[in-house]
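By written order: A, B, C and D. Residues from 1 in each chain.
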Amino acid sequence: MLPFANDYSRGAHPKVLQALVDTNMDAQPGYGQDDYTKRAAQKIKTACQMPDAEVFFISGGTQTNQVVISNLLDGDEGVVAADSGHINFHEAGSIEYTGHKVLTLPGENGKVTAKNLQAYLEAWQADENHGQMVAPGMVYISFATEVGTLYSKQELAALSKVCRTNHLTLFMDGARLGYALMSPENDLSLADIAQYCDVFYIGGTKVGALAGEAVVFTQHNVPKRFTTKIKRQGAMLAKGRLIGVQFDALFTDDLYFQISQHAIDLAMKLRQALKDKGYQFLIDSPTNQQFIVVDNKQLPELKKQVDFSFWENVDSTHTAIRLVTSWSTTEDEVDALIAVL
Amino acid sequence: MLPFANDYSRGAHPKVLQALVDTNMDAQPGYGQDDYTKRAAQKIKTACQMPDAEVFFISGGTQTNQVVISNLLDGDEGVVAADSGHINFHEAGSIEYTGHKVLTLPGENGKVTAKNLQAYLEAWQADENHGQMVAPGMVYISFATEVGTLYSKQELAALSKVCRTNHLTLFMDGARLGYALMSPENDLSLADIAQYCDVFYIGGTKVGALAGEAVVFTQHNVPKRFTTKIKRQGAMLAKGRLIGVQFDALFTDDLYFQISQHAIDLAMKLRQALKDKGYQFLIDSPTNQQFIVVDNKQLPELKKQVDFSFWENVDSTHTAIRLVTSWSTTEDEVDALIAVL
Amino acid sequence: MLPFANDYSRGAHPKVLQALVDTNMDAQPGYGQDDYTKRAAQKIKTACQMPDAEVFFISGGTQTNQVVISNLLDGDEGVVAADSGHINFHEAGSIEYTGHKVLTLPGENGKVTAKNLQAYLEAWQADENHGQMVAPGMVYISFATEVGTLYSKQELAALSKVCRTNHLTLFMDGARLGYALMSPENDLSLADIAQYCDVFYIGGTKVGALAGEAVVFTQHNVPKRFTTKIKRQGAMLAKGRLIGVQFDALFTDDLYFQISQHAIDLAMKLRQALKDKGYQFLIDSPTNQQFIVVDNKQLPELKKQVDFSFWENVDSTHTAIRLVTSWSTTEDEVDALIAVL
Amino acid sequence: MLPFANDYSRGAHPKVLQALVDTNMDAQPGYGQDDYTKRAAQKIKTACQMPDAEVFFISGGTQTNQVVISNLLDGDEGVVAADSGHINFHEAGSIEYTGHKVLTLPGENGKVTAKNLQAYLEAWQADENHGQMVAPGMVYISFATEVGTLYSKQELAALSKVCRTNHLTLFMDGARLGYALMSPENDLSLADIAQYCDVFYIGGTKVGALAGEAVVFTQHNVPKRFTTKIKRQGAMLAKGRLIGVQFDALFTDDLYFQISQHAIDLAMKLRQALKDKGYQFLIDSPTNQQFIVVDNKQLPELKKQVDFSFWENVDSTHTAIRLVTSWSTTEDEVDALIAVL
């Protein structure tokens, strides 16, 4: 089977795994106090060109979103997201579990726009009943988005400005940050992101690690006693080193960016081939997720040879599917996929 | 000032207040174990023509919605509601506070339709990722709705059927139940509602009481140790008699229905006068809430003489306002209002 | 039956009820924005000799504790209480419901002492694992306590000092504040309490009202958008006037204090009679709750004539019971009770 | 430094790590649907001699306790634990975070006894106010306990009987299950535990894995849609294989038991040496944790050579410390430690 269903079907990048092997018998303190975690945090701050940033490691994306959002919102505040936002759909209500509402805006290609946000805030302010409504306290965006699209530098700057003017925290879910950054259509750097966002995370699980996301606070805005709060929400690994070692490896010699580039190169090759074959795209994505519309008659045969993701029913005879590359995809696999399609 | 802003601006209906006076010095057990509460529950079961129903009293609408919904949903379930549903907008995130998501459907005149619900359930079932999504566990409807509209008997029956086929609890918010039942366009009886809904509440706060809503469970579906759960959520009055006495009075000699009829008669008089004067209606409501569009130039003068509710901005020069009658509205007040408009 | 089971078995003090009657048909804004609520808040600030205090009204004690504690604690903080504290035992886990732990200290006659608190804080600080423990964020005390005892001025001052030195909020549950203040053994004034506590509430439900507690914030420490937060927790009455009118009456012409004095006078008469009859006291209470030990053989006869509260099993042949006076107790009732005992 | 502070200071057992290396590039479904996870579950069921058991994998102990307890308790129920229970002290209020109270019983050598539990349940039942109290719904025990002690077969059987008679779930935290099972003083088998407990977990993090605990439900009592609930609480790893592969290795050729035996052998050697040297034991533990009292004057020198855990202040001149062996401790390290002490 050709593995294109997602970007988390294999283990860790060999260099990341080797780092776990190499450090395995070194006795270290628990709960993220180990040397590897400290070193990884340092390297990430350097990569962000922000020495004052504060970095924490959490084991998965849903958990990271949950811990960050719930601890940065005030009790009666909600988080604004595009209706297609991961926290709104595919995280099983994990934000509501913490007592907070997800306030949805219609996404434009999966994105929250400064204009939509501004209009929403003005309408909320003008509503004489807003004292009985959830107050917007944060804006959640994904980069790349759930549908593989990108914020341009101009778009992110505009969004950041609206957020800061209105005292809303801007939080970026970077589960696929590497694949976004290395897209040929991207004009944002990691340093830009650190400047425009108040908090964001650098995804590891989908970009070469067994597990782990690196949360970066950029505004001296870490919640008080944050590690205790992480623990309280069950999100603290005893062997924090498991994540620290992996991020230390990922941020050594630009490994994170190189393996992301590899996935993007293969995704762009696939995209071109799909275009050449005349496939209709559900949405035009310049990142590692490609969404195409296929005739339902094609599906049984396809399922025999390819692991892909069901995305949505387009009409009674067509289905949108998702094809995903990752750090572990090989050129042979892409070629074989192209041959099958 | 003419009081048309809402249906809770005055105290209690004089007969309800008198009942509080008459019973005041009678020593009774606390926490809803008093004789008046028991008597009120009995009268409500009779009015519902359902001797097996179980009745509980809670002090306000938001609290009732919160207690009922959170205790009938399983952990990972959400409640389906029209996007205009009170729980979705004007209850400050009180459902999310309990850890559950409000799953919205586009309302049709403020209503959840059987067709929309069926389509939603089928799409959810067909989505291969639904294991990572909030599961629908209940449907919340309001009767009358937030925009003053009514479910017909046929509509409610159809909705009930979809719910029962799919093992969803059907819950009716009856904050304005009296005003709905007495509308000339209504064809549902209290007994019908008890048959079609799995749980519903009969609003007191807006229909003649100082505070209090009567929750009716119709399917032997009261959560285990429900009074302890009510207490745990802070919703148990020590002097439960306060609500019991009032509902005992409201369900004596059809008082609840008579005072609702009074409000509806005046609302229909107002509605006709508004039509005669050529006002545009935001929505055509056959109940005690009337929604009209007024020229913004009219507002300053209107505000001097009438307490009304801002509803929404229609365009840059027009505003929708809400005018509400209640058990306490007098014919003189309606006449004066008509004269002003 | 002689009603000595509790202090909430009857309705409202006649003057309080009359105020509800007198104001009934006056149309007023909802949600606590009415004139009566504003007037009551003003009178309470005057009574506290603290013009800068901020006053909110909530319908019951459990709810008040829940709303105040959960909104003043940071996420990972808990509230310190005596093990006999009402929030620890008889509120059905309502604090844990909000996500916070009740951290218990052994009570001394139902009280948290400055010495015990100081020792607890020092031990917590010294524990090298306290980063994985709930942090103390508030101290909860009751006045009068659950067992009818009082904090002296010296004790409260000492406790307040430890709290302020350690940045803990001191919160007093005053469900029975009137009965505490009017005890012959009390040396605290309402103004003292406002000085020493950061937030406290003046109980209405047990002291002459149908429902309602007045929360007083003394340190400009009202949580941001507090009314929205109250609404979100289901604790906002649409007809806030119900509580406002009652507190307005209670704080007119010292009614609150007079009716409390009445209950205390009768309790002291009862206490003396019990002493004269040789009853053993479970605890010596100078307030409106009296706790005595009775032979189990006495119970069946007693139950026929007196409503009292079971308190605890003392040994296999003796039971502690609670006898409570209130604003509504009559001297005849006390005489009859003494005759029965 | 000699690493005796805890049992999670090193990575994974070499065979466990090798399994991660060997399976690394095999593409597998996410979220615990991979072959390794299924195989590990099967092997655990075999080891438990319970083919009908259901097994789930969660990344850490606090998270496992949180997910299991919150999803098996009804809303108003609490979990009974020894006052020394991990969930009561060192998990940062993670149970209260889910809305549930930890109901503490005085531990006897860290254990909940059948007798204490029975007395607690009878007192609760006899308390006429228990409708306003948190209801006991589950009993939480640790094996080995937090102070290294063991339940005998007789003790566990008795506790199980009280739980089943009273419809309480019996849940065992087995973070150190391997070290308990291999103690020379243990008479319980894994199959016994599966028989007596309704749910328990087999700890991986402290027994040879990088992360991961295996939860075993023994009574067809898995919460409905449990994986969605796990996801909602942020506890679902995308690469579930990370835990599955490790447990597959741990339950191949009795590795889990062998490496536990190794740690116990070294702990018993250390214990005997400590006895020979005349150390006072804070508690007599037959497992991998040893608690001794040391003179504070000894501490500075000790800290230079040994990583140990502070346990508690015994008196002004003595401190209790904890020394822990694990699968990774070497005999040389134990000999060196003995030489230092």
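We take it that contacts are C-beta pairs under 8 Å (C-beta built on N, C-alpha and C of every residue); 3 or more make two chains touch, one makes a residue touch a chain.
Computed from a predicted structure; not experimentally measured.
Across the two interfaces under comparison, C-D and B-C, the one joined by more C-beta contacts turns out to be B-C. Of all chains, the one whose Cα centroid sits at the greatest distance from that of subunit D is B. A straight line joining the Cα centres of subunit B and subunit D is 50 Å long. Our note on geometry: subunit C versus subunit D, Cα centroid distance of 41 Å, whole angstroms. Subunit B and subunit C, compared by their mean Cα positions, are separated by 33 Å.
Counting partner chains per residue, subunit A shows two or more touched chains at residues 76, 91-93, 97, 99, 132-134, 228-229, 231-232.
Note for the complex: subunit B touches subunit C at residues 1, 3, 5-6, 8-12, 14, 17, 20-21, 23-30, 59-63, 66-67, 91-94, 97, 205-206, 210-211, 228-229, 231-239, 241-242, 307, 328. Within the complex formed with subunit D, the subunit C residues making contact are 76, 78, 89-93, 96-102, 123, 126-129, 132-134, 309-310, 312-313. Interface residues of subunit A facing subunit C in the complex, by the touch rule stated above, are 31, 70-71, 74-76, 99, 131-135, 223-225, 227-229, 231-232.
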